[in-house]
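Consider the two complexes below, in which subunit A is the common component and subunit B and subunit C are the respective partners.
Right after this comes the complex of A and B.
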């Protein structure tokens, strides 16, 4: 009997080379599936199991996942865009024009990068409000909420620094308007403004600074905090589901203990208080 | 059989050959162990597959948008030629709209700073964690505080930069009351008054819902409302000199 595709894939996963790379071997047992997550440097940020009902669309609207998706798209389109771009004035504008009219698929790359950026800003806001209205910032997830706020600010800065790079009128004046707000900080406003732009107005120095921030410092910062953000989901007991919280379960059980065994199972009201 | 177990359960008397592990579960920790009895799904492959499908669907949508609509590109940056109006990226247009009403140190520094601070401290307030209906406890006292705060805020928004304000300060210029701040504030206040007169036993599902909303819900919803309104005004309703234009006036 001829082998199916699945069997070929299983054979491949059983080879010494495959196992030397991915560590876990073949098999669809619970253990093997858990190892596929646990023994992978990237995937081990996630837990090996998820509450089934947290997978329903209504629970999260997949907003966090989609935000990650836009970030991946932005990295995937941003790197090829860097190959055709010089962060110097006015060459930057000529390069953007070339992307528009000369480079194959350059227009598409730039479009996808730009629209994905807008989508990411929108999705980050949507994610934050969804998490808030679910009450998912509750103990022990307080700090992951704070990291989320940091990621919101990084996202805004990423988008803002990228806005200047085409070096057209739209970019120049949007950054001029935005950076003037920094001058309003009492006492040190002008110093912050100067530090941000590398001068008293938006110029070639500002373009270079924004380029370095946009392509290196901020993406690295984002990846750093995203890694912690994901890891904390696992450490804090998975995605928040109000009725599954240990403290809530104990409190509910304590309200109407049906028998002594129930009390022993869920703990006493004193335990419930302690757990909050 | 694909799911054949790769272990055999049994009892052996040779402890060195097949050691058995014994777990002691104390009463206090057992609640947590027992709590995790609801149905769970393996991350690999189920969750990863769903995440991949979600991301691919999003990608298809964004690729379609990118094929249909081109990213804007205007003329070369020219410091000597200021476009009118000069607008920030859309997510900062709420701030720019705020700058139109208030001095830069308030709209550009104080308000955004306070918003970020407020977002950070949300989970550290016990009142947000317990999240009980705002008017379910201490109703009279809380209503008084609410009327005082909402009244003061509305009065401020109504009078700020109005004819009366300009007259009092001797400012000549067009009065521009802060409708963008006032209207959402009045709508949210109205809903809060309705919430204070609703109870969790109300026959109407909407009123039951309102009655159970905590303070943080009202503050955040007001903030979201203001954010959307200010951003929409800045994006669609502002023309030369930051004057009011209708979107169809081009």
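Right after this comes the complex of A and C.
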């Protein structure tokens, strides 16, 4: 009998090379599947096992995952754009036009980068609203909310620094206005303005500083905090699914007297009173 | 006196070797961190700026007819020839730094960004701008050209804030 696709894949997983990279080996069992998550450098940030309802669309609308998706898209389109862009005052605008009109697929990459940036800001806010209105920021997830606020700021700063790079009139005046807002900080406002721009006005130094912030410092900071954000999901009891929260399960068990096992498992409010 | 000395000796004895080295290590690390912070701050602040000179040559006064307001977009200043004489205003809006424009049909200076409006002497008429447009030092050089120092503010309507030819 001919082998199925799954069997070929299982054979592959048994080969010496595969086993040297992924240690869990052939066959499928709960243990093997758990090990596949736990032994992977990227996936081990997440819970080894997740309830199916936590992964349902209604629990999160996948807003966080989609935000990560746009971020990865931005990294994937941003790096090729860097190959044709010089962050210098005489060339930046010409390079932007070249990307638009001369470089093969440049228009596609640039537009994808721009639309992904808009989508990321939108998704970050949507994710935040979803978390807020679901109450998913509450104990024990307060710290992850704080990390989320940091990530919101990084997202906005990434957008802001990227705004200057085309070096056109819109970019110039947007950054002039934006950096003047920074001057409104009491006492050290003018100092922040000067350090941010590397001068008194938006010029070559500012362009280079914003480029370094946009392509290096802020993406690294984002990755660092994203890693903490994901790891905290596991540490704080998994993704927030309202129906899986202990308090909700207790309340549901109390409401449906037929579900004896649930009641035994979680107790009822009446039990809790007797216990006191 | 003697007792105090005794106490001090006892105090030094309380620090054992491990604690001593711990403090020494943390102390040197803190000094190194403070030094790094200071150096980083100095590094981030440019010592030389390749920015245009604040002093601008605005040309001969007869370029500016009486009762005219002339904007130079490259230097961001107005040269105004009024009945009292020539004076110069910054064209940079005091709100968030946009370049304002002179509206001859309305006789006002207006900012396109957030709608601040100023009169011909820089006084705010309306809008979010927190301060009037500052007056800049203006004088005639030996060649008879008007020079404006953009880095020096002078009192509005001040006697020396005008150039009279």
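By our rule, the second predicted complex is superposed on the first by the 240 of 276 C-alpha atoms of A that agree within 3 Å, B and C clash if a C-alpha of one lies under 4 Å from a C-alpha of the other, contacts with A are read in each partner's own complex, and residues count from 1 in each chain.
Just so we're on the same page, contacts are C-beta pairs under 8 Å (C-beta built on N, C-alpha and C of every residue); 3 or more make two chains touch, one makes a residue touch a chain.
Quick caveat, the model's predicted, so the values are computed rather than measured.
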- prompt: Is A:199 in contact with subunit B, with subunit C, with both, or with neither (first, second, both, neither)?
  reply: second
- request: Please indicate which partner A:225 is in contact with in the superposed arrangement: first for subunit B, second for subunit C, both, or neither.
  value: neither
Field: First (subunit B), second (subunit C), both or neither touched by A:181
entry: both
- prompt: Should A:107 be classified as contacting the first partner (subunit B), the second (subunit C), both, or neither?
  reply: first
Task: Check whether A:18 is in contact with subunit B, with subunit C, with both or with neither, and answer first, second, both or neither.
output: neither
- request: Check the residue A:132 against both partner chains and state whether it touches subunit B (first), subunit C (second), both, or neither.
  value: first
- request: Would you sort A:173 into first (subunit B), second (subunit C), both or neither based on which partner it touches?
  value: both
- line: Check: subunit A residues flagged as touching subunit B and also subunit C 173, 176-177, 180-181, 201
Subunit A - residues contacting subunit B, complex: 27-31, 33-34, 36-37, 43, 46-53, 55, 62, 65-66, 68-70, 72-73, 89-90, 93, 96-97, 100, 107-108, 110-116, 118-119, 121, 125, 128-129, 132-133, 135, 137-139, 141-142, 145-146, 149, 152-153, 156, 159-160, 163, 166-174, 176-178, 180-186, 189, 201-202, 244, 246, 249-250, 253, 264-267, 271, 276
Query: Where on subunit A is subunit C touching in the complex?
result: 173, 176-177, 179-181, 194-195, 198-201, 203-205
- line: Given the complex, residues on subunit C that touch subunit A span 44-46, 49-51, 95-98, 113
Statement: subunit B residues touching subunit A in their complex are 2-3, 5-6, 27-28, 30-32, 34-35, 38-48, 50-51, 54-55, 58-59, 62-63, 65-67, 69-79, 81-83, 86-92, 95-96, 99, 103-105, 108-109, 116, 119-120, 122-124, 128-129, 131, 216-217, 220, 224
